[in-house]
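As structure tokens, here come the structures.
Common to both upcoming complexes is chain A, partnered first by chain B, then by chain C.
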Partner chain A sequence: MEPNLTDKDAGTAAARPLLETRLERYGAVGLILALAVGSMLISSYHLSLLTTITIFAFSAMGLNLLSGNAGLISIAHAAFMGLGAFTAAWFAIDLGIPILIAIILAGIVSAGVGLLFGIPSLRLSGLYLILATFAAQIILYWFFEQALWLTKSPDGRFVGIPEVMGFEFGDPWHYYLLVLVFTIAGAVVYLNILRSGLGRSLEVIKERPIVSQMMGVNLQRTKLIAFTIGHFYAGVAGALYGWHLQFVATEAFDLMGSIELLVMIIIGGLGSLAGAVLGATFIVVVPELLDMAGRRLVDDMGLMAPIRMFIYGLLVVIFLIYEPHGLARTWRKLVRYFNKKLFKNKNEH
Partner chain B sequence: MNPEPHQNQPALNVDGLEAAYQDVVRVLHNISFHIHEQECVALLGSNGAGKTTTLKSISGLLQGDGSVTGGKVYLHGEDVTGKPAHFMVPKGVIQVLEGRYVFPDLNVRDNLLMGAYTRMDRTHIEDEIDRIFGYFPQLKDRLHTKAGYLSGGEQQMLVIGRALLAKPRILLLDEPSMGLAPKLVREVFEIIERIRSEENLTLLLVEQNANMALRLAERAYLMETGSIVLEGTADELMEDPRLQEVYLGGLNS
Partner chain C sequence: MNILFTLNRYLIVLLLLFGGAFFLMACEEAEEEGTIRIGQITNRTGDTSDVGIPLADGVRDAWRWINDQGGVRDRPIRLIEREAGYNVPRTISYFRELTTDYEVPLIHGFGTPDSEAVMDLAARAEVIYMPTSYDDRFVNPEVAPYFFITNADYSTAARGAVRYVAEQEGRLGLARNPGGFGMAPIAAIKEEALMSGVPIVAEQDLSYTPTSAVQQALSFRNSGATHIWMGNTHTAMSVLARDLRRQESDAVIIGNIYAGDENFIRSAGSDAEGHLSLFGSVAYGDTTAPAMEAIMAANYRNPDTHYIRGWAQALIAAEVIGMAIDEELDITGENLREMFYQLNHFSPGGLIPEVSYSPDSHRPNNNAAIYQVQNGEWVKIWEEE
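For the complex of A and B:
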């Protein structure tokens, strides 16, 4: 990012390592290996779920930066994913740009549009900002239905099997590995932002906008950077999602999608990487589990379908009552507990 | 300290300042005053006199809901009228807001570090934190406590310490006594006095506690409904019956 900004870690808790404890470091390596190898072994249905989770974790990181860290609540994140999905398809298929570049370009387009919507929102906060992002959601969705040069049909467009430099991602496992690489890169960038001066300024403008300015934080620039980076993540995630399903469905990027993304980071935990990952896992897995339970318990899905959403909502509410700081905190408690058990007295640094 | 081009040029010169909120509500009328290098000047006045607005128009915090509509602000001779805070902070103009606004979720150390946000010279920051603990030994014991859990007095000390880490040349202090017990008020003022002499600070102090402020300041200006109505040395104002009138009732009533 901007070197003169990220370099300012005078404002941060001096040079914190990327992963703080040994368990986190071993855990991260272990998790990546387990995902890379394990994804080869599981069924295609589970692999598809895993890919979806990974893509949404990536997207949720961007939203968490914007809404969790900087406190700029957005209910348009899915629309920006859609923008990324459609522009990536347009770049790759209509213009013949290589897919990897198209994905990055889609991120840049989404970041640019996010920046544009961010400018009029600069003076807004709280409920008014939510309304402004609501407008962005409506406008973008309307645009998807109208701009047929981009979207081909109001319902969306087929994008086919992705191909990078002559290599076809026909095997979903290969595509999963591509998504995983993107997500790991996104996670490293996200963690780095959090421990940089930029990350600290995002945190303080949320808590105390005026005092932050008094400390020399450029409030408007910091907000615009948050809009830009957050929506870059959305655009890239959208592009990845399009090729995952091989069809970019306009419907997937409606208001409900945006709210689900917001619920992800609230349930997962605001402002942390673990929050984005755990929240995405929760939101993707729970409805599937409910479906599965529904099939086991009652064969008639007609009966299960209406109460499925009810149970889903109920779970979300119960969750927020008992762990209002999100799964990430539950996770941290577990990590601290195991860290003590496993690395007793050895964790000196 | 940079050498001054003109020895007699004031550190801060405010000339005919006018300010308004939302372009409608005019709150400052033709405010003019100056502060010399290493001088302490107090702005006195009752609620709503425009003291805080004056500070904010200087430090650049007015942007957003208000703006400077007329007049000039000169910092060491340079025109800085209407410049934003992130421009003024590196210039050494630091405001301590009234109301002890710490970052509640950050610990004491991180709060202090936030003061150094715009600083490029980072090598001495640890030493400077130690020096600040020399003024506020209480804070040292609470280094890793979340600032939200500090007492009011400690929070006031923290925000002053945080401002010091920004390397102020002119410190704008807004109501450091607000909401503190009389004993704490004295303590805070003693520390400010000490900091002032040891750091060679130029100080613009806004206070309702005129008594305390006039003991610290060399000169003072008295504001009423957006205008300066009285000025003089601290001793002169201390004796002036009009000061009491302003606090107890209007000048013209």
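For the complex of A and C:
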């Protein structure tokens, strides 16, 4: 019989170790090594895609914590990424602060602003909360277009090649490794939050907000912590994204960007690390694959471009109908299957 | 077989689709010997794709025609197209792919924010970038050393429009789009208005795709504006034309190169009559332009001024590549840049005003031509070289 898999399978049980099975432990080490070494062998274009996926996975972790785990749906996550990207550029270029510190400061600024926007949202939920975050998206985007001391032009600003302690990240592979380190650190923190008391509080305020207060969970404090941490991830991801593109583009952080991030965690799977990573992969890779396949099949971009958009939309809809729990659920099925096959009788924690 | 039962059927279908796509990706197109690769980053699906599609198709059809004629000095051209949908991150990714994986020396680009985003990258990669945005920064070789636009920049053209208003002793209103594209010439317009003695009586913001411009129309009517500068899209210009008529204003709109086009006449209908626009090319069917016959033979479904400018851009690129071949130079961005500097009053088939470039300025010309909608057609009424 198929096990009953829900979002809670993501690992909120306190007693669980960070990586549950041998397959997960070996798999995690293997995956990190494969990403670090394999990324050296691929073309610059594919490396650029991989870097984008890694950054979006980082950002999606924050959104997953906020929306997937705490149930606070946000359609302003891209705007907070933008805030991180612009403030990191301002700290590093205009104020001369070292880049690594600027990235962390950008996360703190985004977290602080996220906290401010979180306060009026405390009494809201469901559609009303979505509208409140929509307002945050509009306000921040307007701010990017107006605050030229920060953004330099309404379209955005150059940030150049990142440099850390005299080492220039001119080689995109070096920068990818930096992004990978941030993302791994972000993933470890995310998994640990889910295993902690805070993680359990987030789950309970999502599922049973009234009961949670009877259980002694401070609802408002927990929501504010979720807003703060979720937007910290967004800020850091935005800063990393800016230096990846070497240009902070205002339009990359518009409402569509926020919706795309939300689609990312829904397709990937709400409330889990695998969901953030797989969702980011899906959203970045599928349009590219359709584009490449289309180019090979039809030598007419004029015809293929709209068809590609249609197929992409169709795929997303089919996906949501047939796997509403997201790719993470399929991923967990795969892991369990191979875990059973490969580590029969040895599967002790 | 257990795994097949464990997984959903949809996942298997998805895996097959991805596998097929990867297989197709692996099949790289064969190239003839001596082929020269060039790139094009298009906007066929994003905002303002109404002009992005004909521009991209114009470039593509021109290169097809050139290849049908035997290529450039008998060398075939492979145009590698990528669709970025006016999305800056995608443009940057494709720019990197085209310059590093395909090593193209020249790329046809599109709009203001996406082109601005690759300005620095183009300089470092020493790759020619030819945007169809005519932002002022793109003509400054100190800021954008590898950028070459093919029509007068927004500010230069807009200054011409202000001088036209001065000749009419008019009062100017500004209907601005608050983005980079719309704001680019505003400072130049104000400066020129001051020098020409044209009062600016009202300033209003208008988005790319508004549904109403009543508030703006009222402001222009009440301020007594006789002419309204419009750096925007044909949609916004149509809405403003409609609401000016509804608010009984006689003000005449002067659109920039992307606002007043054939689509404006289609969408505004009779409201378009009498309004003006800067135009960057000859009209379709004007056979006084030597290249018009080839354009008409391409049998394009909806030829407009943008399509013609796309052709012109490709013809200029073909000219500099041909010059480099004649001088037995490698086809690199650096060598092509030197060839651009040798273009002096070059006319790309008579489709657009003549272009000249120098190491000090990449401004192709100072041309400002104003057309007016008369009986449902654009008719040239004023030109300044």
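Observations
What we mean here is this: the second predicted complex is superposed on the first by the 334 of 349 C-alpha atoms of A that agree within 3 Å, B and C clash if a C-alpha of one lies under 4 Å from a C-alpha of the other, contacts with A are read in each partner's own complex, and residues count from 1 in each chain.
Going forward, contacts are C-beta pairs under 8 Å (C-beta built on N, C-alpha and C of every residue); 3 or more make two chains touch, one makes a residue touch a chain.
Computed from a prediction, not measured in an experiment: that's the story for all the values here.
Looking at the shared chain after the overlay, A:200 reaches chain B, while chain C stays out of its contact range. Legend: residue contacts after superposition of the two complexes on their common chain; A:213 is shown touching chain B, with no touch to chain C. Looking at the shared chain after the overlay, A:123 reaches chain B, while chain C stays out of its contact range. Look at A:166: by the touch rule set out above, it reaches neither chain B nor chain C.
In the superposition on chain A, A:158 makes contact with chain C only, while chain B stays out of contact range.
Using the contact criterion defined above for the overlaid structures, shared-chain residue A:297 touches chain C, although it does not reach chain B.
Once the two complexes are overlaid on the shared chain, A:45 sits against chain C while remaining clear of chain B.
In the superposed model, C is the one of chain B and chain C that contacts more residues of chain A. Of the two partner chains placed by superposition, A:96 touches none, neither chain B nor chain C.
Annotation: chain A has no residue touching chain B in one complex and chain C in the other.
Of all residues in chain C, only 2-3, 6-8, 10-11, 18, 20-22, 24-25, 27, 42, 44-45, 53, 56-57, 60, 81-83, 85, 87-89, 92-94, 96-97, 100-101, 112-113, 116-121, 178-180, 183 touch chain A in the complex they form.
Considering their complex, residues 8, 10-14, 123, 197, 200-201, 203-204, 207-208, 210-219, 221 of chain A touch chain B. Across the complex, chain A meets chain C through its residues 43-45, 48-49, 52, 145, 153-156, 158, 160, 172, 241, 245-247, 249-252, 289-293, 295-297, 301-302, 304-306, 308-309, 318-319, 322-323, 330, 333-334, 337. Across the complex, chain B meets chain A through its residues 59-61, 64, 84-86, 89-90, 94-97, 101, 103-106, 109-110, 113-119, 122, 125, 162, 166.
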